[in-house]
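The structures come next, written out as structure tokens.
The same chain A turns up in both complexes below, where it pairs with chain B and then with chain C.
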Partner chain A sequence: MSAAAPLLSVNGLTKHFPLKGGFFGRSTGTVRAVDGISFDVAEGETLGIVGESGCGKSTTARLLVDLIRPDGGEIMLSARRLGVDLPLRDLRRNVQMVFQDSYASLNPRLTMEEAIAFGPTVNGVSTAEATRLAHELLFKVGLEPKRFAGRYPHELSGGQRQRVNIARALAFKPKIVILDEAVSALDKSVEAQVLNLLGDLKRELGLTYIFISHDLNVVRYMSDRVMVMYLGEIAEIGPVDAIYERPSHPYTRALLAAMPSMDPDHLTREAPLAGDPPNPINPPSGCRFHTRCRHAATVCISTPPGLYTLPGERHLVNCHLAIPNSGHPGIEAVTA
Partner chain B sequence: MTTPLVEIENLTVRFSGARDVYAVNGVNLTLNPGETLSILGESGSGKSVTLKTLLRILPENRTTIGGAIRVQGTDVLALSGKALADHRGGVVSMIFQDPMLALDPVYTIGEQIAETVMRHEGASAAEGKARALEMLTRVRIPSPERRLKAYPHEMSGGMRQRAMIALALACKPKLLLADEPTTALDATVQIQILLLLRELQREFGMGMIFVTHDVGVAVEISDRVAVMYAGQLVETGSIRDIIRDPQHPYTRGLLAANLHGAVKGARLDAIPGAPPALHAAPNACSFAERCAHAQDRCRAELPPRVTLGERREVRCILPEMAKA
Partner chain C sequence: MSATAATFERLATVERSPGYWSGVIRRLRRDPVAMVALAIIIGLVLMALFSPWIAPADPYRSSMLRRLRPIGTPGFPLGTDELGRDMLSRLIYGARLSLLMGVTPVFIAFFVGSFLGITAGYVGGKVNTVVMRTVDVFFAFPSVLLAIALSGALGAGIFNGLLSLSIVFIPPIARIAESVTTAVRKIDYVEAARASGASSMTIIRVHVLGNVLGPIFVYATGLISVSLILASGLSFLGLGVKPPEPEWGLMLNTLRNAIYVQPWVAALPGLMIFITSISFNLLSDGLRSAMDIKA
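What follows is the complex of A and B.
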């Protein structure tokens, strides 16, 4: 790793949604969607984000481009801090996003070339130049401009629409593209085509990806590093091989064990976790995973572990079992 | 030889409208009692339509069904009136992807299960309620007595799925149809539901047809697999045959697209193109235009049905050429 500043740096990012609905719309609780998370993304790498629904992966994505305003924390892009020496406009130009629902994210009244050219035009590029750019991008994402430039969203298949959404995200020549479940709604054979396209674009344009998905196979294939989230916090973050082959957090291990077996002779015998993911409203005390963890001890209920850096690699884990002298009685058993 | 629980012979389903859609085009399938078959395919392949035909819940005035379906020897396509109502929920039952749409929002879970038992078995209200409690316990809903009085919206996603399974199994059907029941769930909950279905299927001794697009789910749940493409079964066999020795190019592509064991950074061997629009009955191999092995013959005539063993069939010229 070079000592250069990371491309994107997030520090203590927090978003709490107040729950209204009590007497006269009074607040009845708080959804702690994202609760003080910090991570870096290096230039040219792909950071995968995984976790169950409600863990805060999509909220994190939206916070990164200020689609929702954070309650706390700072976002730095190329060592410039958002709101200080980094205007929001610059952040959004450099960090673009592709969403899961390819249809909802396109304006039904705009043709494909208009949809792609819209952003550049608003930012002062002439219509002729923006249209030329749109055609170039359509070609780049594998859609022949002559056939597709004049079409409306409903005239395209899901895979084609998602290619247009990728082209639109690239219209600003961004450094980072956030892919929020961008291939999840596609059929498997089409998904593989789009993943190939994303790989090609990354190599060609030197892009950095933040790849959010619930599909652990896809995340493993795409990512250099993986961040596992649980109830608004980071459970574990590290290089993809470390996370998949030497997972340190019991939650990461459970997520991996919940993947369906691909071997008919070794079927899954036991579900690694019981019940649904708990509600992020008023999350559990101490370690948030302690209510579902088979290693939970007294210290887990009373004290949040905090992210601990494992020796050697950039592998951080939020678990008392991994922290020496944390007071967890299972440490000897695990290290022995 | 056992009598099959389900026999489907040359099933065709066509929807009429502004443009006709040939959704199912000549499906042949058998299911033995107590067996689980997965129908594996992508959206629009006709897998859900096949299931719905078994329950006869497609809109009658717009659907033309050809061929034959027998469940326990009964001709399903000839059923009507009370016999059809007895068939649905009594002999054959179905669970869906979205339990919110399958459950009635204005009745409690307990009332819905009790009503089904009273209708099909002529049971009293008290017996219905007792069965509802028993079923909720069997699908391992925590504190089932309390949950009897819960409305669907008061439950979490995984719990609603369990409630729907309880409702579907309340009258001990011989055949359970499952239409992607775990697709909308988190992986941690999905595996719980799959294990539950596997266990209940054994306990009740029922046959199950499980529709999914996920190869991993098919491996976990099924004895046999039928791969469906453009309204046809392109390959059938045991789960081991399909996983370890796939013969049809489409099956191979689907397995590769699952990314299990894919090398990071290496280009994926993706199937190009998209499935065909089904506005005409097929008269050639529907997969030919996406297939790397396609020949003139594939575009000129329907592919042969090549038998490779007991209950193992591929609709493709490749295994035929290999055999010759």
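What follows is the complex of A and C.
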């Protein structure tokens, strides 16, 4: 990837959900679902996003397609800023999303061709043209239009439905497709087929993917770069090999350690993480991971580390251990 | 993007699945109870439409000489009422006003309540709070009490009776509409439609209505029987239809003095109300199970 302007650039994106529940729906607190994250996605690459439940993966995805309004930060597409010189309409046409639940993603009252044609028709394409496009896309995702165009969602299998959902997203001719756990609900053999389809489509149409998953193997297979999220913040972001081979954040290491190893020579030595992530309503002070980190020192409790660029590659990590002269005494000094 | 001709060829020969509603009708046809109920309702409607041709006598012609004849009297198969009018003819004519009073309020409330509920459910937030809390105020009253209070305040008469019954049925329908819409609104296909940049009206038309109106409709058909009974109750109390119009609830009222003389004749209007309301209830049940199947 060249160092030209990134296709998608996110800067300080923030979303705090107010907690309603007091008298007359008065706010009683905020959930810091996404808390000031910044990242770039280059044209043609796949950015994988991993993290535990509740770390803000899906909220990030929904913010990117403006299904929820951010509280702060900016989204830039091809160097145009959303709300300034990038109309929402353009963002939506260029960034489309595939959801996890293939059944809930399709209106049970619409046939497959109607479901795919809906997007183009609301954007001014004639019904006949949109239907023709729907048939073309069905063919492209490996479903014979003759057999599937007139079918309803309940007549299709999970894998077939997810192919339709991909076709529906592609109907906008988007530059970026966000796959929010798009293959997680499929069984393994079908998952592999859909992943291959995604790879083919990406090559054929020059797509850029944001691939959200909790399955570390799948993310490694699909991604060029990986972003690890923890409690609404970026823990570590970098090229896939760097993240998987030389993880710098203790959280990334713990995540990878939880992955079953297929190779007896690469046995996991890292102890798995204990406990649940802390409540995002009152996130821990300093580094958000310090409550579960085996290497936490006093500096971690008091000061948030901030993203630090490791030398050499585009590898950023949010940890005092990686930052020289951060005040952290080093792994040996604190590890119990 | 080549192979356009081939695409068109495919277009022409697409296999179409039967739609959702044809499946509902197919399943409803296989339900004997619902079909019997539907037949009875159709019969009642035909009876109401063609009562001048069906009724053997004039329902208004009274005679002091032949009051309260028993069932089976020659010339008066179902006897006569307290003013000597032919019961059979009055029951047949009674279907007109009774069905009107039963169905119209639910019909009006279906439109108004669905509109309020779907708007509140889809828009959410403050609009939802304002609409639903207002509805709750009406909902807090027992429906009979509310109907009596409203038509008492508006005065007796068919129009006022219809108006008060419509107001009684708006809150329950609005509540159902709101809860179904709130549920549908959160489903991914509505989210995906929002991400497509479609306007709220388009999303409601294409994605919300089709999935919301069915359940509301089923609930509303179940209310028809309640409306019939409430309308009859209003007439019974002298707040709905006025004498000498034939209406089942009113007939029940005027015949109650005769209950010791001709109990069977006096019970006939009640029997008609019972048959009509249970038919609507059974049809509504059948419709619900026909629509309920994951399809």
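Basically, the second predicted complex is superposed on the first by the 316 of 336 C-alpha atoms of A that agree within 3 Å, B and C clash if a C-alpha of one lies under 4 Å from a C-alpha of the other, contacts with A are read in each partner's own complex, and residues count from 1 in each chain.
Just so it is clear, a residue touches a chain if its C-beta (ideal position, glycine included) is under 8 Å from a C-beta of that chain, and two chains touch if they have at least 3 such contacts.
Note that the coordinates shown come from a computational prediction; the quantities given were computed from them, not determined experimentally.
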Contacts of A:H16 with chain B and chain C, given as first, second, both or neither: neither
Touching partner for A:R314 - first (chain B), second (chain C), both, neither: neither
Touched partner set for A:S189, first chain B, second chain C, both or neither: first
First (chain B), second (chain C), both or neither touched by A:H295: neither
Which of chain B and chain C A:V218 touches, first, second, both or neither: first
Which superposed partner A:F172 touches (first chain B, second chain C, both, neither): second
Partner chain in contact with A:T111 - chain B first, chain C second, else both or neither: second
Chain B versus chain C as contact partner of A:R92, first or second or both or neither: second
First (chain B), second (chain C), both or neither touched by A:R80: neither
Chain C - residues contacting chain A, complex: 1, 4, 7-8, 10-11, 13-17, 20, 129, 187-189, 191-199, 202, 206-207, 210-211, 294-295
Footprint of chain A on chain B - complex, ascending: 42-43, 142, 156-159, 186-192, 194-195, 213-217, 219-220, 239-240, 243, 253-254, 256-262, 264-265, 267-272, 274-275
Residue ranges of chain A in contact with chain B within the complex: 52-53, 157, 159, 187-193, 195-196, 199, 214-218, 220-222, 240, 254-255, 258-265, 267-268, 270-277
Residues of chain A that touch chain C when the two form their complex: 25, 62, 65-67, 88-89, 92-93, 96-97, 99, 101, 104-111, 113, 115, 118-119, 122-123, 131-132, 135-136, 139, 145-147, 149-152, 154-155, 165, 168, 172
